[in-house]
Amino acid sequence: MSAGVLGSLEAGHTSSLRLRVNGEWYELSLDNRVALLDVLREGLGLTGSKKGCDHGQCGACTVLVDGRRVNSCLLLAVALDGARVTTVEGLGEGDGLHPVQEAFLDRDAFQCGYCTPGQICSTVGVLEEAAQGYPSAATDPDHPAGEPVPLTGDEIRERLSGNLCRCGAYPNIVDAVRDLS
Amino acid sequence: MRTFTYVRAADAAEAARAHGGRDGSRYLAGGTNLVDLMKQGVETPDTLVDITRLPLDTVAEEADGALRIGALVRNSDLAAHPAVRVRHPAVSEALLAGASGQLRNAATTGGNLLQRTRCVYFQDLSMPCNKREPGTGCAAREGVHRDHAVLGHSPACVATHPSDLAVALAAADAEVQTTGPAGERVIPVAEFHRLPGELPERDTVLEPGEIITAVRLPAPLDGTRSTYRKVRDRASYAFALVSVAAQLTQRGDGAAEQVRIAFGGLAPRPWRARRAETELTGQALTEERVTAALDAELAAAEPLRDNVFKIGLARDLARTVLLGLTRP
Amino acid sequence: MTDTTSELGTGVPRREGRDKVTGAARYAAEFAPPGRLYAWPVPAIVAAGSVRSVDAAAALALPGVVDVLTARNTAPRAPADDPTLNVLQDDDVPHRGWFVALVVAETLEAARAGAQAVRVHYDTRPHDVTLTRDHRERYVPEEANGGHPAVRERGDAPGAFDAAPIRVDAAYDVPPLHNHPMEPHAATASWEDGHLTVHDSSQGSTAVRAALAQIFGLAEDRITVTSAHVGGGFGSKGTPRPHVVLAALAARHTGRPVTLALPRRDLPAAVGHRAPTLHRVRLGADPDGILLSVEHTALTHTSRIKEFVEQAAVPARVMYGSPHSSTVHEVVPLDVASPSWMRAPGEAPGMYALESAMDELAERTGLDPVELRVLNDPADEPDSGRPFSSRHLVECLREGARRFGWEERDPRPGVRRDGPRLTGTGVAAATYPVLVSPCRATATALPGGDYLVRVNATDIGTGARTVLGQIAADALGAPGDRVRVEIGDSDLPPAPLAGGSSGTASWGWAVHEACATLAGRLAGDPELPPEGLTAEADTAEAVEAGSPYARHAFGAHFAEVSVDTDTGEVRVVRAYGHFAAGRILNARTARSQFLGGMVMGIGMALTEQSTLDPAFGGFAERDLAAYHVPVSADIPAPPAIEAGWLDEADPHLNPVGGKGIGEIGIVGMAAAVGNAAHHATGVRFRSLPLTPDKVRAALAGVV
């Protein structure tokens, strides 16, 4: 963030907050208008999270906030004081890849790579949601509430429909997620 | 997006004070629609009152079996709630038919009802739009309007309301609970959204500064079945062309004891098909009778040049859904 | 040199894969030189006219806004050959969405607020954005896109049609379509000591450098353009686009680095679209299904500033034998944004029409649609009479049919019903030309046993880096992990764009030549100098020598669809594509590209369309909520979708033996889906996409 601009904004139009990003706490002074995605990309240099549409219509910006997958382009950072954020850069342990990253590599589940961090973060969220029994539109209405939902092809297709891929890697993404479930 | 003052409220009273009922104040909950519109310059608040830390994020069961859903319960949590899954499948299905997994994790119950139309002219500052800028005219009436309303519209505005949840809640006779400068009040979901008339800029009956605290979902009669079905241009992650929520309770002889139908995608608000409901109540639901009742309901439709298809689509969709709810 | 088994053809994983799954791969807007500013464009909001004045005062008063650039306050530039690059050069507004100002600010938030605060006053003129079949400004151009003659006539096609015992005469239409790559067009530009460095999201940075040199009056060696990772393009990044000119202009104007990433809403008007095409196809045949005449007329639109004619009638010159043929392109200039390339320009919409008509002919003659195509498979290219370098369409149809399970098909339409749902299957053929352009490359043997291959190729997701490494390793007889590949930088040996399915053939040819030459020089195990031993290749002469052969890839698409007769919803439940595209150099990335093309073809068939607003000009669907790129739920899960290919050895191509695979995957998909929808319902659908409103209307007989 440019300190010069912050200084020229009215006092009430900026805020100070703390964010824990990929395990590390950051003390931030921000223009209230800044979206989480732009904090990550422009403020912290974490450009793994992508801006495809900036309006919640493509999923390329998907990150995990307090463990849940969300569109970071639609979250005002100022409202997230104290939140835990995990981006694609924070998934692996050290130099090791997260199993979802491994699965995407194994299945060639991407081409241009631009939607990929969002697909991967979304998949991490999907695996957790399914394990906790969160239903989707593809879930049998009689599936017992709260029981883990098996990730069939139909479940994966529906649950990952909030992540557009213009290269059309969907078939390989479905196979990657199947490998994990 | 213009600069704004951010206020984080701890309770409803503090939120109301910060908002002050002023034109330039907006409440921020999930933000999935408000932030989108602020980026486009459609919404230009000078004060944003963050209500996400208000204690309105639980679902409670009342003595009569009704569910009191806090306004800040996330769409994904509500869709997964065991009581909603079992007793109100239409509500769960409507939520899961909307948006994407990511958006449902952020979007709230109250915010869902307050989302604005997705009319492309409303979202484009360079276009005339009476809803966004009263008096500028309606570009959609003669423009690109395949997705627009066939019922309840006015010369000033032909936009539809985009919520799936609201349609299912309207069919369930749910109520919106609010608190505001005039105290607390209860508004049926089916009457929560306004028809545009000459004031299309007002989407709902909420007064300035009034805040949704909960949605009350009454317990259905024993043996009630319900479902939600949505038709759209792609298989997921798209707004409805037409959707229907239906709820049916049958008597021992199979006749309809209670039938409720609400349409999405047809009107500026969830469209309760009360005429069709009246015609079908007490009757056995045969294909002919259902078709006739729906035709009677939809006879009032006034389609635009390019959306006449919605009438037949709504009828055929609702007929299949209703017949699918009947016990064999 | 070690003796190794060649990796060519095997599924070598992408070299940059790890960077892409960890977020380490950097795209054009993700370079942050110190002091960088952000730019935000201001698009015109009138359909046609000119800028009378720009009032930037309110924008300039906002905190963080550095400047507002217009045609009035920027230093003059030379006009570019491509008129779409002449932004902020004059006051003309040729279409809605044309950029008329650019705000530069310290932050993204300030830039966006600034752009919303700029007030532009216009003089307007009457406009027309509506393409109609009988438009009075319709004309026949000299050429269609790709240098194809607009008109080709053989024999007396109308006469033969009139005399034919079996006739199909049908009109089809394809709406405007948008590429919408996931990465919006973006560039980061900086000037230092008179040298311009640009990180651009482009399918070919050599051409971007040339355009910037022309516009800014610079020698090419004072410009560096990189495109290390590109988030898709599908043709829309195939030529330099206005964003890169604006970023360079703003950086020069402000004296600071500038990033411009176009807002998604601005893409439809700024970076090209597939123009709408209105087709008329007339097929005359004898009762046995032998074609007597083929006529295809394709009418499209172009802008007022540029003639771009979608070459949709060209595939009819390649596909089927017939003694009489007429293929004609017509175009209407309108007040629309300039159309441009989108995956398989010409072939995708053209083959939708032709292959839909072939399906109608199959029905008319009672022939199986696969057999009808086999019957009319020509020995030589119908239009030119040249022999095919290789043509295995019949094999694709037969093998595809076998793998899809076509032989069990009941040909009767409209008989497979389950409640409101009808199912059916369809087939369509595909073709795409073999294109190749001159390219240079170098190969260096480094002391220590490593090799370095340098060529300004671009990897837009195709796997170019990986495949070029395989080609080099094969020519050098070295293991792939000893070969470093440098691409995506205009300081490298110049190369053509990643487009027209020509990248691998063009770059691979030069890489192969350079490596083969180097291998020859290394034969005696000479002592390597410290900087290594380098061999160069330039394929210009060999490429320009041309070929006496007609060279095309072929394929066959199969689809099974389910049609809900209540709602009009069409879903693809199975899809298969089988291709003959020369030598497949990487089985893994090739399969991904074939499948990706099929996915885009399903979008073209079912979900994608844009609408020109007659009253206001411009496209109505300007974001990814309104323009429906297919989502995962629209695409069957494997193995219900799959792609395969035959091993095609074609000695008349290039040293690497590939025909190009980036586009053929989309070509027959839409027709296969449409033909399957007919087989399901018994009703013909002749207008894409097959959305619920159109399907219901067709089922009701109201077309």
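The letters A, B and C name the chains in turn, as written, and every chain counts its residues from 1.
Simple rule for what comes next: a contact is a pair of C-beta atoms (placed from the backbone, for glycine too) under 8 Å apart; a residue touches a chain by one contact, two chains touch by 3 or more.
These are the chains along with the protein names UniProt gives them: B = Molybdopterin dehydrogenase.
Since the model is a prediction, treat every value here as computed from it, not as a measurement.
Put simply, the chain closest to the centre of the protein, by Cα centroids, is C.
With A-C and B-C as the two chain pairs, more C-beta contacts join A-C. Inter-chain spacing, taken between the CA centroids of subunit A and subunit C, is 29 Å.
Annotation: 40 Å between the Cα-based centres of subunit B and subunit C.
The set of subunit C residues touching two or more other chains comprises 63, 109, 113, 623, 625, 630-633. Multi-chain contact residues of subunit A, defined as those touching 2 or more other chains: 9, 31, 33, 54-55, 157-158, 160-163. Looking at subunit B, residues 1, 3, 39, 235-237 sit in touch with two or more other chains.
Contact residues on subunit C toward subunit B in their complex (touch as defined above): 45, 63, 109, 112-113, 116, 420, 566-569, 571, 606-607, 611, 613-616, 620-623, 625-626, 628, 630-634, 689, 691-693, 696-697, 700. Partner subunit A is touched in their complex by these residues of subunit C: 11, 13-14, 16-27, 29-30, 32, 63-64, 105-110, 113, 179-184, 229-232, 234, 261, 263-264, 460-463, 588-589, 591-593, 595-600, 623-625, 629-633, 635-638, 640-642. Of all residues in subunit A, only 1-2, 4-5, 8-9, 31, 33-34, 38, 41-42, 45-55, 57-58, 60, 87-89, 92, 97, 101, 104-105, 108, 110-117, 120, 153-154, 156-158, 160-175 touch subunit C in the complex they form. Per the touch definition, subunit A reaches subunit B in the complex via residues 9-10, 12-13, 15, 31-33, 35, 54-56, 59, 62, 68-71, 74-76, 78-79, 81, 122, 125-126, 129, 133-137, 139, 141, 145-146, 157-163.
For subunit B in complex with subunit C, the residues that touch the partner chain are 1-3, 39, 41, 118, 120, 123-127, 139, 142-144, 146, 231-239, 241, 307, 309-310, 312-313, 316-317, 319-320.
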